[in-house]
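In what comes next, subunit A is part of two complexes: it sits with subunit B in the first one and with subunit C in the second one.
Presenting the complex of A and B:
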């Protein structure tokens, strides 16, 4: 009797989960199908794969610099990710390992800044960058996303479970502080690095508002900018648009799936001793 | 362990390298938008506009034509959406670095240009005495970029309103395209009810009534502002009459409101509605359904009966070029426009294939504009639209036109769906706009 109850309960749970996941997966599947259809079929509501994929690709290549935009996006995202995990891990490590009362207060102040939305600080940042001559430069593009409070916090929280005794032991053995960081901390925190890299990469990849504001050059166009430009015409080619959306989604999917296991570990704060 | 350290160092060096490499973008004598400010005479114009198939194509065609007589001429078109242009304009003016950011030429939607000129008066060049002959453009179109009696823009594509109908559906209900030509809105609604009853299809649809109401109000020369720029919505006969007609259409099911742009176009392409009424640029979306070739025909829009100055002609959309005060060589920019957008039939012939229809009246005389369109049952659509364009009445445009349109739409929606009183809603709309205007 109990067993039947168990299986019925499990069945219901699974059905609910399947329905929920269908809701989540549907938009992605729809984009996939839409990218193979002609624009007119998409607005007509066709839901089966069509034969228009190559034509859609041709229209993108004809009207837009897809390769250039992809390269720019990859370049900006990679540089931001590498720079960000270096800066934020050092900061997170510092806040935890060398902490005192004042550093804790400073960290508290940093946490408060998380509540200020970027749109409200965007203009002052823009004005500062304009004065520094950083408009239309890669440095100006990536600088606001190199050090984020969230990533610092992620490293700091995860550093808590990093055994402090080892640091003491290493100091006694004569290891330098830098040596401890690079030789012991970095290899141990791999999972956290993976999680931070995934989040930073995705944010950088999808960065739109700041990119649009600071870059005013066709050669600096990124994929989100390119997609946004596709929706501005008198006539919107939805087939081309969906294919562009698909192309721009793939890399973030790949990065996520490649780092998925470490991502979950990193977010939950596991340290492999 | 040493290997890892090496890898990390390498990564750092790479990052530094890329940063340094890109940091030097600025150091080669160019400013941010690629303008070469060191050269003595600048032969290059930088343009901001959107839509590669339409505006950008037109600019490039114009550049090619201009280059024939001016081999040194260069043009850089930066693709940037209308919304982003507005944002960049506002950030750069507040940061005080318009000289570094703004290009020589910017494209604006006709509905936005007056507002931008009034908000940033120092950014746009007064073209009144530039030598560009504005009398050769359609009067209603030129009015969109006139602020305080001064011309701030070079008109580009026509937003002349067309009424396009599916002749097969009309036939099913016993009507022809002639029955819908030169009519009033009251007659239109009567026919619409009949078509709805016989075929089950609405005559028109739209993403909310925003474009529709604009078309109706413009057709009788109506505005939310009087000649002195004073707001008037509640005691405005034209606004009230247009609202009543729209509400009547909506209630009778003659006009079908859609939830989004894609459903609007989808229902047109699916044949779920019998017609479309919008700026003539809507033709490219109609023609996307190639299987409906020969089933469509265009005519003029109905006129608002019961008000003064009503006509069968209107406009919705279209855009205008402006020259910024940051332009390094204004003579070049003006000469460029005189030789192309305001003076070349060849240019307008070439861009017609993208359905960019001229507002420069002489262009309509060319042979190319006389071609017949197979999709529209052999009609000379381009010549017809040029004819419509010349007859569009001019309306007073204000800086807060967009705000007033949105407030008007909200009022109409409240009446339609919450049963509110039209007079009260229009008064409330006027208050909202007055508040935004700071009056």
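Presenting the complex of A and C:
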């Protein structure tokens, strides 16, 4: 009796998970298949891979600056990620390891920025950019997302588990503050760095509103903008569109799966704290 | 003694020095523009030609029926998507946290994959699936359920529902990862003890899992609400706000006010101040609620 109940329970759990997995994965499988088919077949509802992949690639390259947009997106995201993890990890370390009453208060004040919607600040930033010539530049793209309270908090919370005695011991041994940070802190915080890098990279890669606002020059446009442009015409080539979606998604997928384990670990530390 | 104090002082200074770049960037990219947006909300016109306008922008907001509609659409969107995402993500995380479950990695990967897809790409995928000549319609017609394709994105109600589905699809796995991380930090001994005391799975869920995940959940609510209130990428790329303005949320409306047609930065800033107040209020309430229960 109890055993049947147990198996029914297991069955229901698995059915729920299967339905949910299919809901999440089907649209992407469809993208994968559609990117190899011609638009007419996709519209007809074909669900088997076709032979149109190269044609689709050819149409993208002929009509759009795929290479340029890819390069821009890689450049903006990589620079944002590197700058952000340097600035935020150092700050998170500072807020926790050297913490005192005033630094804690300052951090509390910075937390307010989590409540500020980007639409409320983007117009003044845009105006300033127009004046300073930062429109259509990498620097302009990265500036708002380099230092975020979220990433600083991730490092600050995770720094709690970093043993303070070791720092004291190293200081007595004559290690400099900089040496402690680079030789001891950075290597032990790999998971946090992975989590921060994954989130920052994905956000930068997928950013659309900000890119659309400041990247008016065609040569500065990003992959999300390119995909968006493909849907503005009257006739949509679904094969080409889905291949572009696939191309724009692959890098974030790779980054995530490469860093998956540390990502979850880094997140766990932050959530616990 | 003197040595010690000077060393303490030096450490303290090092602490401030390493904070400075991050703090300056946050101030320059958040607080300064916010203050300028507040000032601009009392002006009218566009870059270079802004003139003082008193509170006219704010009185105009009150009479703007399109802004009211946009706000209503946004609230509806947030109220539906956020609880659905969090509830589903929590359920999936709890199911996946079962140590006896097989194929865990496959399920987790499947559910998480959409998180790696950009909002723009997500919207474009669903736009293609639900287009009048799209995949869903061709299947429905093929199965004989529909005579002709239904224009899902051309009707206000179905368009709004699909806009919501896009967010649920994309954010479910992302949220689930946070909950999974939280669940893994709960000591499994607590569950063992509860089981010995005869607690059912449902009781374990509400008496152990939910209270233990409270900090994670408060954080998840704050982050998801703030993100959903600013919905823009999806509405631009799924329906471009249409049909009519049936799927134009407030951020989209603000963007259009600032750049499309007759650009009006001052009025857009006044509108954005209203979102700010809404987001701020919700966040504060949630922080209070989160604090009290701990």
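General remarks:
The rule is simple: the second predicted complex is superposed on the first by the 264 of 273 C-alpha atoms of A that agree within 3 Å, B and C clash if a C-alpha of one lies under 4 Å from a C-alpha of the other, contacts with A are read in each partner's own complex, and residues count from 1 in each chain.
One rule holds for everything that comes next: a contact is a pair of C-beta atoms (placed from the backbone, for glycine too) under 8 Å apart; a residue touches a chain by one contact, two chains touch by 3 or more.
Treat the numbers as computed from the prediction; the structure is a model and nothing was measured.
Partners subunit B and subunit C, brought together by superposition on subunit A, clash. Contacts of A:87 after superposition: subunit C is touched, whereas subunit B is not reached. Touch criterion met: A:221 reaches subunit B, while subunit C stays clear of it. Of the two partner chains, both subunit B and subunit C are touched by A:236. Contacts of A:45 after superposition: both subunit B and subunit C are touched.
Between subunit B and subunit C, the partner in contact with more residues of subunit A is C. Shared-chain residue A:144: touches subunit C; no touch with subunit B.
Residue contacts after overlaying the shared chain place A:182 against subunit B, while subunit C stays out of touching range. By the touch criterion defined above, A:161 reaches neither subunit B nor subunit C. Superposed model on chain A: among 94-102, 184-192, 202-210 or 256-264, the stretch of subunit C in collision with subunit B is 256-264, the rest showing no clash. Subunit A uses residues 42-45, 123, 127, 130, 213, 228, 231, 236, 238 to touch subunit B in one structure and subunit C in the other. Only residues 7, 11-12, 14-19, 21-23, 25-26, 29-34, 36-37, 40, 47, 88, 91-92, 95-96, 98, 100-101, 106-107, 110-121, 124-129, 131, 133-135, 138-139, 142, 169, 172-173, 177-178, 180-182, 184-185, 215-216, 219, 222, 226, 229-230, 232-233, 236-237, 251, 254-255, 258-259, 265, 268-269, 272-273, 275-276, 279-280, 283-284 of subunit C touch subunit A when the two sit together in their complex. Contact residues on subunit A toward subunit C in their complex (touch as defined above): 10, 13-14, 16-18, 20-25, 27-28, 30-31, 34, 42-45, 87-88, 90-91, 93-95, 97-100, 103, 106, 110, 113-125, 127-128, 130, 143-144, 146-149, 152, 171, 177, 202, 205-206, 208-209, 213, 223-224, 227-228, 230-231, 236, 238, 241-242, 245, 248-249, 252-253, 255-256, 263-264, 267-268, 271-272. On the side of subunit A, the complex with subunit B involves touching residues 39-40, 42-45, 63-64, 75, 79, 82-83, 86, 123, 126-127, 130-131, 133, 135-139, 182-183, 186-187, 212-213, 216-218, 221, 228-229, 231-236, 238.
Those residues of subunit B whose C-beta lies close enough to touch subunit A in the complex are 1, 4-5, 8, 11-12, 14-15, 18-19, 22-23, 25-26, 32-34, 48, 50-54, 76-82, 84, 87-88, 91-92, 94-97, 100-101, 103, 261-263, 265-266, 269-270, 281-282, 284-285, 288-290, 317, 355.
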